[in-house]
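Which chain is which? They are A, B and C, in the order written, and residues in each are numbered from 1.
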Amino acid sequence: MLVVRELSKKFGGLKAVDDLSFNVKSGTVHSIIGPNGAGKTTLVNMITGVYKVTSGEIYLKKENETYAEDDIEEIIHGKRENITNLSMSKLVHKGVCRTFQHLEICNTMSALENIMLGFHKFMNKNFILSCINSKKIREDEQKYEYEAMKYLKMFSLDDVAYKKADSLSYGVLKKIEIIRALATKPRLVLFDEPVAGLNPKETADISAIIKEVANEGISVILIEHDMKMVMQISDWITVVNFGKKLAEGTPVEISNNEDVINAYLGSRHKKKLANNG
Amino acid sequence: MNELFQLILSGITVGFIYALVGMGFTVIYNSSGIINFSQGEFVMAGGMSAVFLLKAGMPFWLAFSLSILITAILGIVLWKLIDLSKERSVISMIILTLGYSIALRGLAEVIFDKELHTLPSFVGDGAFEIYGATLTYQALLVIFISIIIVLFLYIFFKKTKTGKAMMATSDNIDSAKLMGIDIKKILMLNFAISAIIASIGGLLLAPITSTNYEIGIMLGLKGFSAAVIGGLSQPFGAVVGGLILGISESLVAGYISSEYKDAVAFVALLGILFFMPGGIFSNLKAKRI
Amino acid sequence: MIKRNIDIIILIFILIVAAFAMKNDFYYEIAVLSILNAIICIGLNLLIGYAGQISLGHGGFMALGAYISAILSSNYSLSPMLSLFIAVLFMGIFAYLISKPILKLEGHYLAMATLGVGIIIYIIINAQGDLTGGPDGMGVDVFKVFGYEFDTNVKWYILSSIMLILVIMALKNLIKSPYGRVLRGIHDSSVAVESVGADVAKYKSYVFVISVIIAVVAGSMYAFFSGFISPAEASFNRSVELVVMVVFGGIGRIYGAVMGAVILTVLPQLLTSFEDYQTLIYGIIIILVMMFMPKGIVSLFDKLRKNGAGS
């Protein structure tokens, strides 16, 4: 679904992301993990058009293409488009969307309206028609208010539908942001630390939601620090450290990878292990 | 050639006034993040107070000192108004300082009048002849005193304990607080200094061009342009900005048209904002990581 | 339907009742000016309150458009409606082109850029005397639509009242629509809006153009109404006046803009008995409101409603 090729980001003299490459397979949960400052956020920001890349490319599978078993590399590549440096809003129209580590919610709007924002792609945005409150606009508003309600019911949040967002709890808002992202009917979603600051029950809820999203055939990129969650739901993990790819593999492979363990626990731990024999 | 030199000289003279006004802007902006739209009125207050105090029969030195003191008080009053405000958003502070400038103009209308006034030159009406250009004693005084003020401020901000504290505050309010620096007092001092610089500018300017209750508007805006040209975050950038502005204005008035003289400041402002918003020195600084 | 539009009904009622309070021509002048200012402020409020862009040059944009209407109709004998149309077209394109570089700036810098453009327009209008009549201004011919002349104060009162109601209705509809949801979203979190596929920069541009067009129409109407236009309409003072009206009334609230415009248009007239102290009092009122009611006059009404609902 997504191919990241030799992606780099320089800030002045500092290379935050260094020659990073990986593939995201369709319909899988692909996690990106690494210690703080490893470059994960910079990576996500490059993929979603917030930062301009210094070098490298990003490719996305075109909308109605499928890869056949015997397709050669050239043909596969031809079924992708180069989405490097496209702005976030353009990417949404190509089926890519994201959630944010530090919530981006419209606080003066109700939960329902925040979700309806997610349907923006599909609604009529003609200025003149809006000013005269034409039939088309009224129909759209009705239709998508109903759709938004359906989504909220699905996640058992319909009781807060009309409450103003700034009166809702952090955990609820994290869910709302995910629902909003799903409302854009994406093919690929990037979740940026979706369970940061949540209690175990909320974490389990969101874990289940993300797994279900992938089961529906939507590709997922997950940035997370919660190792239990990552190991539980990931199909593939890419480990990043100092902006470079440290390791890649299934959850089992990664949890047994010495380099990864060292990166997280540091060389002091290595010494401890050595001293204890 | 003589004409060119004359234009440059008068440009430098006015340029220093713009520099003083501009520095007032950067001092307040750097310490509080507020653009003070009444800065021009501080200039007006300096000149107009002196005019009327002199008329009332006071000796020169008393009239000037009182004018500067009065303006400093006006600066501190503004600081207090901002301090007492419930909210300090960008827009409410813009409107507040605009309201203050309107109020000061209204006050000037009432206390003074709407007429044009001139101050007599402090050093007599003589002039030097340099390369065929005339440099009045007053103009030379403007340049001389402006340079002294800039040097004084430089030493104050970079070398004295209080001054360095003020610079530290503008760089990082939280660590300044942690080090026990009294933020409120520093802010008040900044506003007072800003007003004092402006009033001195007004006193220097009044003998050259006349002064009246309305000069603050254009002067303030041009001073602001000077500050932006030099870079709002560079405390002394306004000096370079002011000189560039003064000389450009003078040349445009002399060679192109005097009607479009005022436009120079704003065309320059737009140019800087679109191409180098950090000011002309921004590209020379090493890129921060 | 009635409940949702009760505010419009009340407004129409007020406008009709006020008509009977018009003792003489002067009252009508103030009324028409208030209404036209309210229209300009509604547009400006869209820019400041929703798109979050402060414009300190709207007087310049408004006056430039009004001068085009005036010059084309009075000096070149085009019909007033056609002149107005051309002015709107020209200023719309101008505003769109200007919006691209300007809206890349933020906060103070954006305000400064609009200020710069506004003052440059002011200087040009003053300097091009043969075209504009220079600092003394120029006369404007009467406003005609298909031969029907708007030559009395009553006709103008009715015309401007209708315009006000149409603008308010259009904006209310806009805010409720998906387009409007994007605007409200930009005010809260432009990142969130960008993340659902709306190009925030484009919307900010459009809002800028809309606010300029509204100002041009209302400003042109004022020139036709008073039969006169001068560069003072493009001055920094005028631009400040408009922004103060919006903020004083209450940013982001349609009726805030209306109230701010009406109060601050009528207020100086009430203060004429104080003669010389007018400017001073005006300034003090602005300072006090900004210090203690930064959300604007409309917040007073909010408090009353809250207290009423609570008891």
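Here is the rule we use: a residue touches a chain if its C-beta (ideal position, glycine included) is under 8 Å from a C-beta of that chain, and two chains touch if they have at least 3 such contacts.
These figures come from a predicted structure and were not determined experimentally.
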Most widely separated chain from chain A, with each centre as the mean of CA atoms: B
Chain closest to the middle [Cα centroid of all protein chains]: C
Averaged-CA centre spacing for the pair chain C and chain A, given as whole angstrom: 43
Geometric centre distance via CA averages, chain B-chain A, whole Å: 51
Gap in Å, rounded to a whole number, between the CA centres of chain C and chain B: 32
Junction residues of chain B - those touching two or more other chains: none
Touching residues (chain side chain A, partner chain C) in the complex: 87-90, 92-93, 97-98, 100, 104-109, 113-114, 116-121, 123-127, 129-133, 137, 140-141, 144, 180-181, 183-184
Residues of chain C touching chain A in the complex: 170-171, 173-174, 176-182, 184-185, 187-189, 191-200, 206, 210
Residues of chain B defined as touching chain C within the complex: 35, 81, 84-87, 89-96, 98-107, 109-110, 217, 221, 224-225, 228, 257, 259-260, 262-263, 266-267, 269-270, 273-274, 277
Interface residues, chain C side, partner chain B - complex: 48, 54, 56, 101, 105, 107-109, 111-113, 115-117, 119-120, 123-124, 126-127, 236-237, 240, 243-244, 247-248, 251, 276-287, 290-295
